[in-house]
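Below you'll find the structures, each written out as structure tokens.
Both of the next two complexes hold chain A, though its partner changes from chain B to chain C.
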Partner chain A sequence: MRSVGIVGIGHTKFGKSRVSYTDMACEAALQALKDAGVTPLPGHGIDQVLLATMGASMINHQSGAASAIVDTLNLRPAMAETVENGPASGASAIKLGYSMIASGLADTVLVIGAEMMRKVSGWEGTDFVATMLHPEAEYPYGMTLPALAGMFTRLIMGKYGLTSKDLALLSVKNHSNAMHNPCAHIRMVPDLEAITADEDIETVNPLVADPLRLYDVCPVSDGAAAVLLCAMDVADRFEKKAIRVAGIGQATDTHAVAEREVPTDLLAVRMAAQRAYEMSGLLPTDIDVAELHDAFLILEIVESEEVGFFKRGEGHLALREGKTQIGGEIPINTSGGLKAKGHPLGATGVSQTVEIVRQLRGEAEGRQVEGARNGLVVNFGGFGNNVVALILSKDA
Partner chain B sequence: MRETMSETMPAADAKCAAPPMYAFRCEACGEIHYPRHYVCKTCGSQDFDEVVLDGACLLETWTRVFNLPEGYMKPSLCFGMVRFPNGLVVAGQLDVEEPRIGMELQTSVGVIKEGIGQDNYGFIFIENNMKE
Partner chain C sequence: MRSVGIVGIGHTKFGKSRVSYTDMACEAALQALKDAGVTPLPGHGIDQVLLATMGASMINHQSGAASAIVDTLNLRPAMAETVENGPASGASAIKLGYSMIASGLADTVLVIGAEMMRKVSGWEGTDFVATMLHPEAEYPYGMTLPALAGMFTRLIMGKYGLTSKDLALLSVKNHSNAMHNPCAHIRMVPDLEAITADEDIETVNPLVADPLRLYDVCPVSDGAAAVLLCAMDVADRFEKKAIRVAGIGQATDTHAVAEREVPTDLLAVRMAAQRAYEMSGLLPTDIDVAELHDAFLILEIVESEEVGFFKRGEGHLALREGKTQIGGEIPINTSGGLKAKGHPLGATGVSQTVEIVRQLRGEAEGRQVEGARNGLVVNFGGFGNNVVALILSKDA
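Coming up: the complex of A and B.
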């Protein structure tokens, strides 16, 4: 099987987009091509384009959107597909691109993740995201992702002693990291006292899904990110030194969250990470930096345990001790995470990968983890029913 | 074959038009599933009996959500996950003033979303007034 690397990255400013869906996706794609030193002219050498999106059809009324993007970029006759795996679409598309190159079907694959959710009203957007819940046991009840996250958070609080204050502390950490990421949606650090003080809390930091408050959940963002994958045996065609995709793991769990044997476990996260570690030959202790899927802050804590950084029930203790901040034992979400960088669903896995590439290249200005050699991405679909983990490595 | 799973009375009363809710018991090994699966998670059999899911249950966790999707004309809705005596854990709407983990609830079936022409029915867990 051929080795696969990343030779180009692109990332739009997340937030409220003022351009069209196609324009936004093309902006990230062109940045990735430019970063790799590729000019999109005839003979460009891009064999395949994969577009990761959850809502281009539903929200933007663009089906088969990858075809439109290939044409707009004049990358014809490159092969093209749109990949949809909920909020894990991005890492799924990277996995599929990897498979194509590893199998010999392609030498180069441009993966673009793009989502434009701010086109519709808040309640339409909430309904759109909720369509990933179980179609009989969850969705018709009016349940949403925040509802599942609220119930999950309450269980974790009861079992392990995590508090609302821990989530606020985590919010401050990720927002502080985002201050150094020019692409982040929200570049403002909340005041820990203000978002935890009893007095006036319902105004400053209102409940979203009890016990989760505004500063415990990610914003709704538009945005696009792109990576150019290539076979390591052709990597010298490109300007940037390739960052190798060392491990990929994926696992599914019950679609209905209530059906899980241990309701406080994120089994698919654990299994996806285990598989990625096995493929890469690395251990959790070898990882220098991680982007974990913190659509709800509780997820960063529990994922940090499930991927083996900390013992079960001790993720919030590690946070309190500063182990997950930049300069700590294992910095998590240096980009600001989904919480502050933003979470344009289909773009997220690609965006997380872009951050790890920046870290391993030493290009994460203002938030660099010194000497980072191996990085982990966890991209979480549904409420953990489909999770993709990627491990990237910088070769000597 | 249908049978009721609990000895308590269904809390239907005013909602007597509501259809019953079913769990799915594997005919081969007895494993009970909710929601419906085509293949038993324990033995792989594809034959299931429907069993009515009703009666008393315990509240495992809950939330109140303030941003509801399109189609729910309410400022907030309460949801919970409950455990039935047979071990099955199920999520539904919660109609309880002050939810507490571990409290005993009663299962009812009611309109969980109003629809044009046809309403959606599902679990609404309520306080167990029959307890004392």
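Coming up: the complex of A and C.
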């Protein structure tokens, strides 16, 4: 199998986009091409474009959006497809891009994740996200993602002693990291005392889905991110030194959360990470920096256990000890995470990958993990029913 | 690169489905698994599921539909993604499935194409299809696919002398083929005299988009099709002898049709076919049977020229001479084509592939092309802005 690396990255400012869906996606793509030193003129050498999105058709009323992007970028006759795997669409597209190169069908693949979801708000937005739930066993009963996350958090609290204060502490950590990420949607750090005080709590930090409050859940963001993948054997065509995609793992779990044997486990995260470790030949202790999927903060805690950083039920203890902050044992979500950087669904896995590339290149100004050589991405689809893990490595 | 083959096929009756979207997709998938001799129990050996659809989220309000299908089929923890490339989603998913196997990331990939589009009718249905057009240059001006096809047909008529009667003749050919395909949506043969007579024409064969009439355009269909891909080096695990995927080609063209230098050319069809021929080492004259994308009948004519079967402007002459009917020089759309078999968008490319597999296996009862060894599929996205060509071969 041919080795595959990343030679270009791009990332829009997450938040509220003022341009069209296509233009937003192209902005990230052009940054990635520029970063790699590619000019989109005839002979550009881009063989394939993969667009990751969950809502381009449902929200933005566009199908074949990948073809529109190829044309707008002047990359014709490059191949193009759209890839969807709920909020894990981004890492899924990177996986399929990897396979196109490793198989020899392409030498270069531009992967773009883009979601413009602030067009829908309130209940309509929650409903859009809920379309990823089980179409017979969950969605028709009014189940939503925040509701599932609330119940999941309650179970973890009861089982392992995690408290609301732990979540607030995690919120402060991720928001603090986002202060150093110019692309982050939310750049303010909540006051730990204020968001956990009894007084005025419904004003300062209102309930979203008990026990989850505003500062425990990600915002609704527009945004796009892009990475240029290439075969390591053609990497010298590009300006930047390639960061190698060393491991890929993916697993599905029951689509309905209620059908899981142990409802507090995230089995697909464990299996996906395990497969990525096996492919890369690395161990959890080899990972220097990780982007974990914290659409709800509780997920960062449980994922940090499932990927083998901490023992089961001890993720929140590691957080309290500062092990997951920058400078700690294993910094998690240096980008600010989905919580503070924002979570434009289809863009997220690509955005997480961009952050790891920045860290391994030593370009994560203000939030750099010194000497980082190996990084992990966990991109979480549904409520853990389809998870993709990626391991990136900086070669000597 | 590892060789890849097809060892299982499945196909629902196209038309109006009475079951849920997931169940319809699973029906085709279970047929393909059964055909290959696979039981979906632990140890089933299916590594990846790819779902091709354009409307699962827009029409059926489901995202992550591939994950729901994996779970319903009891194929957990298989990897799963949804692939979208407008009406070429099916062949795109086969291409990406091929790459997963050729790269070594998977040994087996179940590709399912499924579209349930009869939920929307009339203008709403036309609008759904029109979302594949250029989001700035076509869609906002009220452009639709039938309108583009009408104008395209007019140009071809003026340039090469094709007539409405030629289209009617082609309609009769494809409808006649569909009479032998139990999965076809429409199983009746229109009367050539009646659909071309001046008398009562608006009742018998009403205008859709001048000069196209009812019998010149495909119906709106629900349906699903599935193929099980595997590495040729593990093909002996399965009951059926593998049909090899010998060539894959894909190309994009300008997203807006008005921007094409020669508006009567289908450049992406030509380039995609050329690449597929190169990869397979075959020539147009080596192809024994072809499924071409006749969502509008005119496309079959022009594609038959672009893929090299006939000279430019002579496709309709070949039709008149019977060269494209069963028993002719190069039988096209033995399944009935999109025109008579139906065109559930995301299912189409997979359905076309199923027909070629049947032909190469010698299982196309009543419509068998004797001695067929190599078959071509052309799956057409947008109005020719993203085209995928596949060549399948029966090894000695």
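Assume the second predicted complex is superposed on the first by the 396 of 396 C-alpha atoms of A that agree within 3 Å, B and C clash if a C-alpha of one lies under 4 Å from a C-alpha of the other, contacts with A are read in each partner's own complex, and residues count from 1 in each chain.
The working rule: a residue touches a chain if its C-beta (ideal position, glycine included) is under 8 Å from a C-beta of that chain, and two chains touch if they have at least 3 such contacts.
Predicted model only: the values in this text are computed from it and were never measured.
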Message = Per the contact definition in the header, classify A:124: touching chain B only (first), chain C only (second), both, or neither.
response = first
Query = Is A:155 touching the first partner chain B, the second partner chain C, both, or neither of them?
reply = first
Task = Figure out whether A:85 sits in contact with chain B (first) or chain C (second), or with both, or with neither.
result = second
Ask   = More chain A residues touched by chain B or by chain C?
value = C
Message = A:146 in the overlay: touching chain B, chain C, both, or neither? Say first, second, both or neither.
response = first
Inquiry  = With both complexes superposed on chain A, which partner does A:164 reach: first (chain B), second (chain C), both or neither?
reply    = neither
Ask   = So, A:207: does it touch chain B (first), chain C (second), both, or neither?
value = first
Query = Where does A:136 make contact in the superposed view: on chain B (first), on chain C (second), on both, or on neither?
reply = both
Task = For A:68, decide between first (touching chain B), second (touching chain C), both and neither.
result = second
Note = On chain A, the footprints of chain B and chain C overlap at residues 134, 136, 256
Partner chain A, residues of chain B touching it in the complex = 33-36, 60-72, 77, 79-81, 89-93, 101, 112-113, 120, 122-123
Ask   = How about chain C: which of its residues touch chain A in the complex?
value = 1-2, 20-22, 54-55, 57-58, 61-68, 70-72, 75-86, 92, 95-96, 98-105, 131-132, 134-136, 248, 250-256, 267-268, 271, 381-382, 385-386
Key: Complex interface listing, chain A residues touching chain B   = 122-124, 126-127, 130, 134, 136-138, 140-144, 146-147, 150-152, 154-155, 158, 206-212, 256-259, 263
